[in-house]
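One chain, chain A, links the two complexes that follow: it is found with chain B in the first and with chain C in the second.
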Partner chain A sequence: MTRPLPTSSPSSRAQLLAGVAGWALALGLGSGCGGAPEPVASPHELSAVDQLLRGSMALRGLRPSPAEVERVTRDPAAVPELLRSYTETEAFAEVLADMHAQQLMLRANGIPKLVLPQRGPLEGIALGESQEAEQEWPLQLVRHVARNDLPYTEVVTADYTFSSDIISRAYGLPYDPTDPAEWQQVDWHDGRPGAGLLSETTLWRRHVSNGANFNRLRADIIADRLLCDPIGGRDVTIEGSIAVSDPDEVALAVSTQPECIACHQALDPLGGFLWGFKPQISKSAIQLAYDHDCGDEPIPSWQYTGDVADYCYPLKTYNPEWEADWAGWGLRAPNYYGQPASYLDELGQMVADDPRFATCTVRRFYSWFAQVDVDEVPYDVVEPLAADLVASGWSTRELAVAIVRRPEFRRSDDAGLGLLATRPEQYARALTELTGYRWIGAVDAGNCDLCWGEVDLARSALHGYRNVAGGTDDDNIIRPTHTTTPMKWLALSVFAQDAAGHAVAEAIAGRSPFPGFDPTLRDESATRAQLADLHLRVLSAPVTADSPEVDALVELVESSSDPTTGWTTALTALFLDPRMLLH
Partner chain B sequence: MKLTRPSRRSFLGGLLSGMALAPGLSWASSGDRQLLVITAAGGWDVTYTFDPKVGIPHIDGPEVDLTHLTDDVEAVQTIAGMPLMVNPRKRPAVTAFFEKWGHRTAIVNGIWVGAIGHPTCTVRILTGTPSDKRPDISVIAGNELVGDRPLGSVDFSGFGFSGPLGVTHGAMGARGQARALVERSAALPRPDGTTSTVLPDAAQVAIDEHVRRRIAAVAGASRHNPAAQQQLADLAESLDRSQILRDQGLPLDRLGVGQEATPGTLGLTLVDLLERNVCRTAMMDSSFHWDTHYGTSTQHTNYEATFADLHVLIDELEARGMLDRVLVCVISEMTRTPLVNALGGKDHWPHTSALFIGGGVVGGRVRGATDDYLESLPVDLATGAVDPAGELLRYDNLAAGLLDHLGVDAERWFPGITPFRGLAV
Partner chain C sequence: MTLLASAPWLGTSCGKGDSPEPSGPTTADACDGGPTWDGYAKGVLTTWCTPCHARALTGTDRQGAPAGIELETLADAIQWAARIQARTVDTPSMPPGGGPSEEERERLGQWLSCGLPGTEAPPPACDDAEVRAGDVQIGSSDDARDLCASGPIEIEGSLVVTHAAVAMGCVCGVGGAIEIDGGSLQLPELTHAGPLTVRGDTTLVDLPSLGVLRGDLSVSSAPELHRLALPRLASAEGGVHIDDAPALTELALDRLSEVGGPVTLHRAGLRVVELPRLATAPALSFVDLPDLERPPVTDSLADVPGGIVLEAIGVPDLSQGLDSLVHATGDLVLRDLPTVSLEALRPLRTIQGDLVLESLPELVDGSGLVDLEEVRGDVIVRGAPGVPLSAWERWSDGIDIGGTLVLEPETTP
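Let's look at the complex of A and B:
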């Protein structure tokens, strides 16, 4: 999201700077060191401003505006209301998309087989563009739920999906090119039952069913990620006499051998709901299909099932006729932890009705916001939040605010969470909102056979720095690192310099991203006033123009005889402040 | 067990005095061993080289194609005292490697992993625990033995688990990302043709100093919260370490930014990093697809290519005089099922083998074993010899043993776990 660039005028600038300085002075700020002494409710409670900052970063990945900081400085009781308002923004929808992407391992752009080759209707579409469309496809439902405050159960019960131009070309979903909406809500076109994320092609292209796996890995994703029941993490002891490469013998063993039954009595029937999906559709299958002219003959590979034409765009990823194929392998009929059913939509409803879905939802949300592991969320935190979630009609907004208003989020002593790490996605969103700068690289400038296109360097793990800066790659690294690392510091230093350089250049060109910011002004009082304003905007900490904080920034501005370098240095320092990297 | 980071003296000198950094443990290492880990992600079939199984009804050995290749013959050959499955037609590089370096190489068979999912097995074999909250062995050893290096461990594999030790760990990226951070002119171009902002060194130093003062100020305001203190200490330490990296540069000029490096290039880069003392340990992936559910022929090509690369790597370590101190560990998270499946491939099997070269290893010897069902046999963990009265060689024994071999107190990281000590005897 890019904030509209405000027009700068001397009068508005003077007004703003006077205003900031005025209320900061009125509050008696600007003396001493170690940050602004906002009023605090108790010796061990974060100031209202810091509570707002933490909540804003958690819920939006954005810094609070100066007006919001001013408001809670004057009225600390306004914090909850502001936090609730944050959940009504598009940024909250993006945060929930980030969370689901990580937890479902969807933005795995380092897995070559997930690439959509530039053949047929996708010819000329950069690989990065088509991959992003596919990865964001299921996340549209998450955004939709957040934007409209729909019951969260919708993510497993929705009988619709979303389509874009690229998704339509690749998968055959309807799309109206005359509609300006990039993503359009549509019905499934291939007879698959609607079960929210459980029906989404992307999820099951990402999590494949290899060989004789028979959807067990996919079933484990459902159990682990939606119910917090990680069956696949258990120890496996296989009796040596069982030939596990023989599907018939495996089918017998998982029904008769006690060491097998323990996992498979839940796993196999859960996987039974997913037989309508192709086991896998990889890049090589699509290339193979086009090399065989998309004919109707069976695809010439053991690895893939169906006809060649299935693997040409639009890809045939689901077929109701395959739903009962489990029977041909002697496997258990679909059921949900003992409850018999047949179809995906029934599965979705049973997940929604399962009390574990509520508690697991709380665990996943809390884990994301508090930066702890899902299995480390205390039971006495989970239970009341889960009850409130259900009572609220499964409102993600209510849940998110309830979490960030919990005592441990507001404490500054050892009963509190400590400082939370700013994730690469949060840092990128905040910096882009502040400066209008996006950290983009062109991977394959010049000629290439398979052009990747432009890459968002803060968000891409493959070509960019998401993983280097502590994020996941949704493939091998599925746990973020919340410790600041030397490589994270280096990456954010480069990003910060670029963003600062961009902001200063834009300001010099008369397009300042900060209201009233003019780096060409050379008199000290203007410099100080501007730095106090930037301090407030970037760090959410009001200071006066003669404060030690501003003194230190003035030193940086004046460290170079070139004002552009000096201001870029000061802005970079602000972007790398501990209050930016930790919150 | 709740995992906490072992404390050691602050990298920051007096800057953060008063913060929650405990003094104490010396950074001095007990030896000068370094570690280079190569993962063979996906699950190699150990019957193709390390664990020959011939004439056993429950085990399908390597795939042969006598219809088209009359010399496609698998055979057990003892090289440097170790029985190996060889195929001069399809895997000559394997034979060549062991003929030259077998005397410096130890094979460990019959490592019990106890799971059959890739992520689960990868976590177990690399961290020695079932939890990806724990750092991997490379990260632990790197952190414990970092000395005055800017980093303890670097990871190019993408499998590195840093746990709470991220402050000495470097996730370097798979496409030359790290190079672009210290060599700004090598960065990917911007689509709009504009250039990156590169501040002068003096400005960068001034920013670092400013941020250090700000860390101290924020630390003062967070003095009641140890977790916050630790976060700030990590930030300060990261800043210091990154400054050294920026000042010293990184020997990454073999890597192209935005491009995938070949395993050979990556291996030489890791040698450069270890030689230049950028880090104490390093990890990379073989980059081959070992997960052969559909047909097993790529096991041949993977072994061939991996051992060709490994040969070059070990030659290079020897040529630079580093082989005595660098322990090279090649490991896969699992092996394949004993029998071929209906699709001509093999599925996941919860046991594996590992290869150790140089770095204090007594070579020319196979430790551990599997039975006629390709299941791990009990061993004497002190020697690696098969012993019916011994214990299963589990992933945690192996991890503890690796730390022990590198001079790290294994008990501190794996309390109660017997280290596998077969590498040096």
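Let's look at the complex of A and C:
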């Protein structure tokens, strides 16, 4: 694997980081997130600027602009309006996409069987590119809902999907190459009923079924992730022993043994809605199909169902003809917790109408923003927010703002939420917005048969550092880490240094990402003024040019005779300030 | 709709008379802001109870839940409150296998103790539909308003709509026929009806909940009709006939899986016809559909005893759409098509009627028929000059033909 060339040698990188550590220690920042000294409304309430900063990071993953900080400093009452405006931005749509990706475990970069082989119409498409297209496919609906402030129920009722060039090649959906939009709203083309995310191929390619599982795992995803009813995690004691590898014994138990019935009476009929989907389509099935010339004969593997041709692009993932196949196995007919129905779109509407969908939506949003487990969100938080969500017409914007305006979000003491960790996606978004730098790596060595292409190192959990930087890999690590671990620090240190180096280089070349930033100016007053501006822009904390913070930064700038290195060190220090890693 | 008043045991305080023993806080303060039906209790009962205690479940599907004990609505919960308290809160024995956490049970007990607070949306209007005897004629929006003035209805006779653009949310079912002659009709709650006939200057028919049609679906001489949406129609006891609807571009029959009569789509402006769940039909005929972009049937189709006719449809390449048709029990007629291949027919092995291939001027690849083994009727090939006669002769040599063989690919029929 290769990485992009660092902006300094390892030894200079170490020196630089030593300087950065000195910055943090000099300011006493290692133990907390104090923010700038400002008047506060009460001893326990965050300052208006810190409320804005926390809300901005939660809702957008971006730092407030100096103008916004200045406005709120003058008028603390402007915070709610600014927060609402943040939910109207593309960054908010990206945050919701991140949230759904994690909660539905969609960005599982490291599961080999999910790769789309470079065969047929995907020849020449880098594996990383096709993987990203497939993973982001269902998230287009989430972005669409956020951008247009559509009722959130749309995520389980939409009768459309989105298509891109790659998705069209791989799955046969229409795509207009003359339309400049990368993702285009289209109808399903294979007879599947539209039920938002429930109809999305990616979701059911990620969460598979097998011969004897009968879509139960998939049903559990619906119950757990959309209704907060983790059927698979219920605390049930099973009497005696059941050989779970024996399909006949399992089939008998789930219909006769009370402790099994308790779950399977809901789980199995829920899985009954999903029989139209292929149990699984893995990389090896696609390769096998192409090796057999995509013929009409049954695929020669016990793991897969259907014909060889089903597994050649465009992949055949759904067929209305299979919808009633549950009957052939003597299983329970589809129903939704006792309410009969047959089709996916009916299931989607039932989910939308279920009050648990409202309460679970609140739990999931709150869990994401407040960084607590879904089942730890208190009832007295959930129920009023759920009522407000429904009353607002299921507006995700209203819900998100309501959450970040709650008292515990605005508290600075232990009765509040404490410090919130900056997720790797947030950190990447913030650094890119500040500097224009994207942390991209190249992982292919020369000519390759299975080229992966470029990798977004902050967001990839396979070739990048999403999981070590506190995120998930949506496979083995499914809960984020909200503390600053040595690995997170190490990964983000490299990212911060590279971003700082990029920003300084751009500024020297006359393309400064920061207004007025010119590292070639050598007089101290100009240096101090620039450092004060950078402090405000990066940390949202105004300081004067003669403040101790600027004194410490000047020391870093002057720690090297080379101004590029000095300014890179100072910027890196700001990017690694605890106020960037925590908020 | 608040149902508290219908809970006689509740009175003004908890724990009296027939009411359950309180298990949680019962003071007004404790109940204020506490669990409600929609915010909490309905979800708990749905999670743990309705998979067995639901009206739609009968017999063994109830897994032993006594008939008549349902826990789906707030009214149900009020009726069975004492039992819920006893069996899920006081001495947990339900659900039989356990499952709810202690906190969940306590909170349910709190809800019961506080008087089952909450409200419930009214049941679907059609649950209380009144039967309207006789036929109904609608000629104006005033007629429609009058019809719906008294709430949801089930029309016992026929519904005739003439030159009126009406949407009637009150009509839940029609026992007789629906006839539409001009105007437009939207019946969002209609679930069942007799035959449906559309003609004249009708522009739009939207029946999104219709599941069963006890007769034919018939559209004839309807030059203005552009949308015919029956997306939930699963069964038509008669056939589906559309003839002379040149403006019809939107036809939704996604759920149609059973038809009692032929499906004939003639002379319509359709670009797409999707019948993804139709596995069998007495006959299929798609004629003069010049704008059709894709083959009109899908690979669910397995048996068509009355034969299949594809004639003068615009599909440029018949490469898919009949993928599961292995044994055609009637005739197969492909006539006047611009297709270049017959790849969609590759699975076909036997035809019990005739095989007619006529006026296929663009056809250059007939290999889709290479695995055909038997045609019990005639085989007629005319007007397919792109494939040489010698190739047709070699092909026909391998087929067991019961009737007459006519190979005249150069002849225009």
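Just so we're on the same page, the second predicted complex is superposed on the first by the 530 of 583 C-alpha atoms of A that agree within 3 Å, B and C clash if a C-alpha of one lies under 4 Å from a C-alpha of the other, contacts with A are read in each partner's own complex, and residues count from 1 in each chain.
Going forward, a contact is a pair of C-beta atoms (placed from the backbone, for glycine too) under 8 Å apart; a residue touches a chain by one contact, two chains touch by 3 or more.
Keep in mind the model is a prediction, meaning the values are calculated, not measured.
With both complexes brought onto chain A, simultaneous placement of chain B and chain C is permitted, the two fitting side by side without a clash.
By the touch criterion defined above, A:406 lies against neither chain B nor chain C after alignment on the C-alpha atoms of chain A. Contacts of A:578 after superposition: chain B is touched, whereas chain C is not reached. Within the superposed three-chain model, A:283 lies out of touch with both chain B and chain C [touch as defined at top]. For chain A, the partner touching the most residues, choosing from chain B and chain C, is B. In the superposition on chain A, A:246 makes contact with chain B only, while chain C stays out of contact range. With both structures placed on the common chain, the touch criterion links A:190 to chain C but leaves chain B unconnected. In the overlay built on the shared chain, the residue A:236 is in contact with chain B and with chain C. With chain A fitted onto itself, chain B and chain C come no nearer than 13 Å, counting C-alpha atoms only. Residues 234-237 of chain A lie in contact with chain B in one complex and with chain C in the other.
For chain C in complex with chain A, the touching residues are 33, 35-36, 38-40, 42-43, 46-47, 50-54, 56-57, 61, 63, 72, 95-99, 101, 107, 254-255, 274, 276-277, 279, 298-300, 324, 346-347.
Partner chain A is touched in their complex by these residues of chain B: 41, 58, 114-117, 119-120, 122, 130, 132-133, 150-151, 157-162, 164-175, 177-178, 180-182, 184, 187-191, 196-200, 202-204, 206-207, 210-211, 213-215, 217-218, 220-222, 224-228, 230-232, 234-235, 238-239, 241-242, 245-246, 258, 291, 293-295, 337-347, 349-350, 371, 373-375. Of all residues in chain A, only 33-35, 44, 110, 210-213, 217, 220, 232-238, 240-241, 243-247, 301-303, 373, 411-414, 416-419, 421, 440-445, 454-455, 457, 462-465, 467-468, 470, 473, 475-479, 481, 483-491, 493-494, 497-498, 500-502, 552, 555-556, 559-560, 565, 568-569, 572-573, 576-579, 581-582 touch chain B in the complex they form.
Residues 190-191, 193, 227, 229, 234-237, 255, 257-263, 265-266, 269, 296, 319-321, 323, 332, 335, 337-340, 343, 354-356, 359, 379-380, 382-384, 386-387 of chain A are the ones touching chain C in the complex.
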